[in-house]
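One structure is given here, and the rest of the page talks about it.
Naming follows writing order (A, B and C), and every chain is counted from residue 1.
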Amino acid sequence: MSMQPQVVAELRSVVGRDHVIDGANDLRIFARDASIEGAMPDAVVLPANSAEVAAVVRLAAKHRVPVVPRGAGTGLSGGAVTIRGGIALQMTRMRRILEIDPVGQTALVEPGVVNQELSLAAASHGLFYAPDPSSQKACTIGGNAAENSGGPHCLYYGVTTNHVLGMEVVFADGSVHWVSGDTPDRIGLDLCGILVGSEGTLCTITKVKVRLLRQPPTVATMLAAFPTVESASHAVSAVIARGIVPAALEMMDQVTVGAVEAHYHAGYPTDAGAVLLVEVDGIAESTRELMSAIREVLAANEGYAMREAKTPAERELLWAGRKGAIGALGRIKPNYYLHDGVVPRTKLPQILSAVGEIGEHYKLPVANVFHAGDGNLHPNILFDLRDHGVLDQVESAGEEMLRAVIEFGGALSGEHGIGLEKSAFMPWVFSPDDLYVMHQVKDVLDPDGIMNPGKVFPDPDRKRARLAGRTGLAIEAKWW
Amino acid sequence: MVKAPAVERPGSAEEVATRLREAAEARLAVTPVGGGRASGMGDSTDPCDVEIRTSRLDRVLEHSQADMVVSVEAGITVEALQAALLKKGQFLPLDPFNSPGHTIGGLLASGWTGPLRMRFGSPRDFLIGIRVALPDGRLASAGGRVVKNVSGYDMMKLHLGALGSLGVIVAASFKVFPTPLHDVTVESSHASLEEGLAASDKALGLPLAPSALELFSSGRVLARFLGSRDAVERMVGELGWSKTDASAWTQHSRRGPENWARIAVPRHKLRPTLLGLPLDAEWWASPGVGVVHWTVANDPERVRDARSAAEAAGGSLVLMAAPAELKRAIGAWGTPPPTLALMQRLKAAFDPQHVLNPGRFVV
Amino acid sequence: MAFDLLKDDDLATCVHCGLCLDACPTFRVTGLETESPRGRIQLMTEWKRGSLPFTEEQARHIDLCLGCRTCEAVCPSGVPYGRIIEAGRADMERARRPATKRWLARTALRQLVSHPTRLRAFGAMTRMAQTVGVTGAVRSGRQLPRLRAPFRAPQGDVAPAIGERRHRVAFLVGCVMPILYPQSHEAAVRLLQLAGCEVWFPPGERCCGALLAHNGDLDGAALLRDANTSVYAGEQFDALVVDSAGCGAHLKDFYPELKGRVKDLTEWLAEVGLPPANNEVKLRVTYQDACHLAHAQRIRKQPRDLIRAMPGVELVEMRHPEICCGAAGLYSTLEPSMSARILKEKMDDMLGTRAEIVVTANPGCQMQLATGIRSRGSNMNVEHVAELLLRAYSAPSP
């Protein structure tokens, strides 16, 4: 169903001629994000400010047209895919950093500000913005807040929701509101808290106020090799069990290391079964003490070839390798598919071997690169979309892996969001009552269902889980 | 079947949900009660028809030491939970005032925090799962038992600090923390507020900031450093204050004046807030957070002035406990947020009969 | 429509992750997926696979690519974007209706750069026009620098090493550099001599063909390559040193016979070493990466190291030195409006450093930056990195 010309004309009168795209050929280019899902919007609209967003949403509400906010389109769960058509509300023109307050240690930004741009701007005040998704070079703060994004350093510092102080949002009726602000305790219900991570299904974010942190005086980053992913997993648990929470604790398996090394030449040991990247920060005394304790634990768990970055440039290179890892897998196969399930850390060895077995069963290569400290997996199933019928196999394998995660007491997504790709699996972890109550919130804030429809909640018409959903009761018995 | 007036002590989450549904069907007003430590909070209401007490829901459901995750029933007290965690070398940074006796459910509903919030954040930052009984008899869970989770809406946030107005929290899961490697408390005394503030600033500006720092109207400053031994000792050395026993914190947490208020402002606006309080005011503050707890007199003018100043600074003043006439004069919560109507719609969706704590909370 | 120069395997290396988006100058100013590397690759892929029809309208998205290859440098999947865009443009030129502006530009390019005498004549005319003040007649998207006498190779086509002769290098004189920026060449040659290199100027050498290749004229570029390869064939040299980033990148990609011997000036100087400086200059300097140096050749460290080694010089980085200034060969002429938007962003960043001099390593960038600086009324100066480096050596006493 394409959009009525009248609606397009009205949109143009709001944001200006050049900022609405409705040519069918060009719309195809906006069909996808970084996931494998795709569906064409009826129009792409690029607002310049909150007032324009509000006007666009009011138009959409009047005509009952879906609105799907879109940042840089780096999301991995299909959150920005216009699965029911409508308006792709591209926020990338709103990319001003409105204020950095070095005294209050906050920043006020428009949603299209790129994560790394904020960190660069904060750095000149000795501050930083903690959540650092691997796509931080391109992903936007608005997108981060909508998805409640994580990143390697969230192990210690927490995810996006822990750093968003308040937001200006446009609700489905076009009303513009500030939720929370900059005080530690607000009055009334924590709307900001429920809106962060709501994946564009409750509102469009038009401004974000975030907390900035003081840059730590010292940062120590170490790479360690392990004979197998199992031994590396044990090492991860051992570090945490020792009472140490590093700033970041990341794992890459051999497949990943090979791909990464080919691009970054970061000196990762390509013969190791797995490598861990560990970072601690703080004052020199504490990083020294922590790092030496970590070395001890890693060595006791078959860790070898431990190498600490000696210069900031070396450290940056080690991180560039980690953050570019998923993209680097393109060197092996042109497409990847991954879920970002989370397991309790102690289950890492079991889940990784289950993931390996599933990959073997489907004869699909799997590359693991993930936030080990959080137990947040990223098993990348590698394939070539041009191979006939492969996608079906890939999706089946992905679903089995995610199911294994749930069997080990885990969660569907640690940071990528549910979006389109995991919505069918929600009944695995949430009972009908749980989902009903979540949907009550949706119904209150978006009664006509125009905000990013088809996401988060299961849509049996579109996709069903191949593996049967469990009853809510079974899950509850296990949880509580 | 619930009949008013009644005090219900359900023995299971399911029973909480049933009692709640029955009350809602009978249009009986319900007050959920945990430890009763925050019973003075909120606007004055008529006595409730039914009290649902969570005291029998006091079990640790699961504590996975290696995963650093704990799940508990809502009626367990903070002290009982901490004792269980301590046996495994872990703790939760919960140190609310007016202790002991807070239950976990009550603490989450009240949204109260203590000094350790400076380093660890509030429960908002480490609550990872929740289970809530609702007036329609449903039991709804959200979150999970892993430390990082974006599956579904973050329903935890709605119930935190909502004073039981959307549902009764029956269970919760938390990310726990290892007992610090080294834990040192120091203090200093100052003749004036200015000096006390200067001393706080000095401590807060250290490269390893204290994990908790409290400033008192008496001019006393109490700071707690957690971390590796060398780091902590260097900071304590640089500061040069006298070491004191960690039990100072336990004593501090017992503060719970008969009448008191909580002022929250952006951290950097705490100084003018403190300077603006009456000279003879008795208070304690977390300058690293932006929160002041103030022992108020039954003097509406003074409290109203302080509230105006706090709200002008972008903050709030909430009565933690106060005489009914003071509450009636100025209200417990202050100026409602501009999103009040939305909040009321959420309340109506969760509690259409308006039986949960009617009139007590903001919505 | 056949898109047979585009290789499906090249296109398929893109995993659609989007990490390239904010590295793309046109995406940064438009916020549009269609003006991003990921969008352009998708478009060319769909053309190639026939799932989208070729239209002139969408061809604009390819026209608007600067070819700066910043995306290629940040791409973790190793997408060969430079190769893709050159092939895509060549395929596209065959598919589309001839457009007068592009055709004129290409023909003029072929005619001019392939024939040194014509270029020199053009230079002489411009110089004359500048002298008598009728520059309006030759106005283009950006202003030409004030021209001096063109660079000419010394007698015998060799400049001797200063001190011990340790290397013998060939030097690319090229097409527009000797006319527009003779002083850059002069400084580059002088630095090479100081570094103990005997510098040979290949007689009969012509334009390397970079400008043609970057505009989709691969055939024209191949003709020039073949002519030049035969010039280099008979002679012994350790390296062919190039002080223009665009030419260096093209030579490295397009001249298999020279494999491994093409060196950017800064790359070579960092390798062989310069003698100790004998002149301290107090200067605040910022460095603009030339796209064809930083992204196509991945050379970012060497010029910075050389600059930092200069006594008295403070290198102040702008926030995004790696982002294109909007010059991009003929781009500023063909796409003046987009070029100006990109230049504006660059100026905001660059002038914020409050440097006295901005240094870069490519003639097109120099011209574009100078235009931007003048339009802002700033007194920042633009220099080729060779000119700056030479300031560390006091002029030989007469």
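Everything below uses one rule, namely that a residue touches a chain if its C-beta (ideal position, glycine included) is under 8 Å from a C-beta of that chain, and two chains touch if they have at least 3 such contacts.
Because the structure is a prediction, the values reported are computed rather than measured.
Student: Determine the shape of the graph in which chains are vertices and touching pairs are edges (line, ring, star, complete, other).
Tutor: Shape = line; chains linked end to end, path left open.
Student: Could you find the chain whose CA centre sits the greatest distance from that of chain C?
Tutor: Farthest by centroid: B.
Student: Using the average of all C-alpha atoms in each chain as its centre, how far is it in Å between chain A and chain B?
Tutor: Their C-alpha centroids are separated by 30 Å.
Student: Centre to centre, by mean C-alpha position, how many angstrom separate chain A and chain C?
Tutor: Whole-Å distance between the two chain centres: 37.
Student: Just how far, in Å, is the C-alpha centre of chain C from the one of chain B?
Tutor: 62
Student: What residues of chain C sit close enough to touch chain A in their complex?
Tutor: Its residues touching chain A are 8, 12-23, 27, 31-34, 38-39, 42-43, 46, 52-53, 55, 57-58, 74-79, 319.
Student: Quick check on the complex: what are the chain A residues that touch chain B?
Tutor: Result: residues 103-106, 147-148, 150, 154, 158-159, 161-162, 171, 177-179, 181-194, 196-198, 217, 237, 240-245, 282-283, 285-286, 288-290, 342-346, 371, 374-376, 409-418, 422, 426, 429-431, 433-438, 440-445, 456, 476, 479-480 of chain A touch chain B.
Student: Quick one: in the complex, what on chain A touches chain C?
Tutor: Of all residues in chain A, those touching chain C are 21, 23, 25-26, 28-30, 32-34, 44, 46, 72-74, 90-93, 95, 112, 114, 116-117, 120-121, 135, 137-139, 260, 262-264, 324-331, 334-336, 384-386.
Student: Where on chain B is chain A touching in the complex?
Tutor: 13, 61, 64-69, 71, 89, 111, 113, 117, 121-122, 124-125, 129, 131, 134, 138-142, 144-158, 160-162, 166, 171, 177-179, 181, 207-208, 227-231, 234-235, 262, 264-268, 289-291, 314-316, 318, 333-340, 342-343, 345-347, 349-350, 362-363
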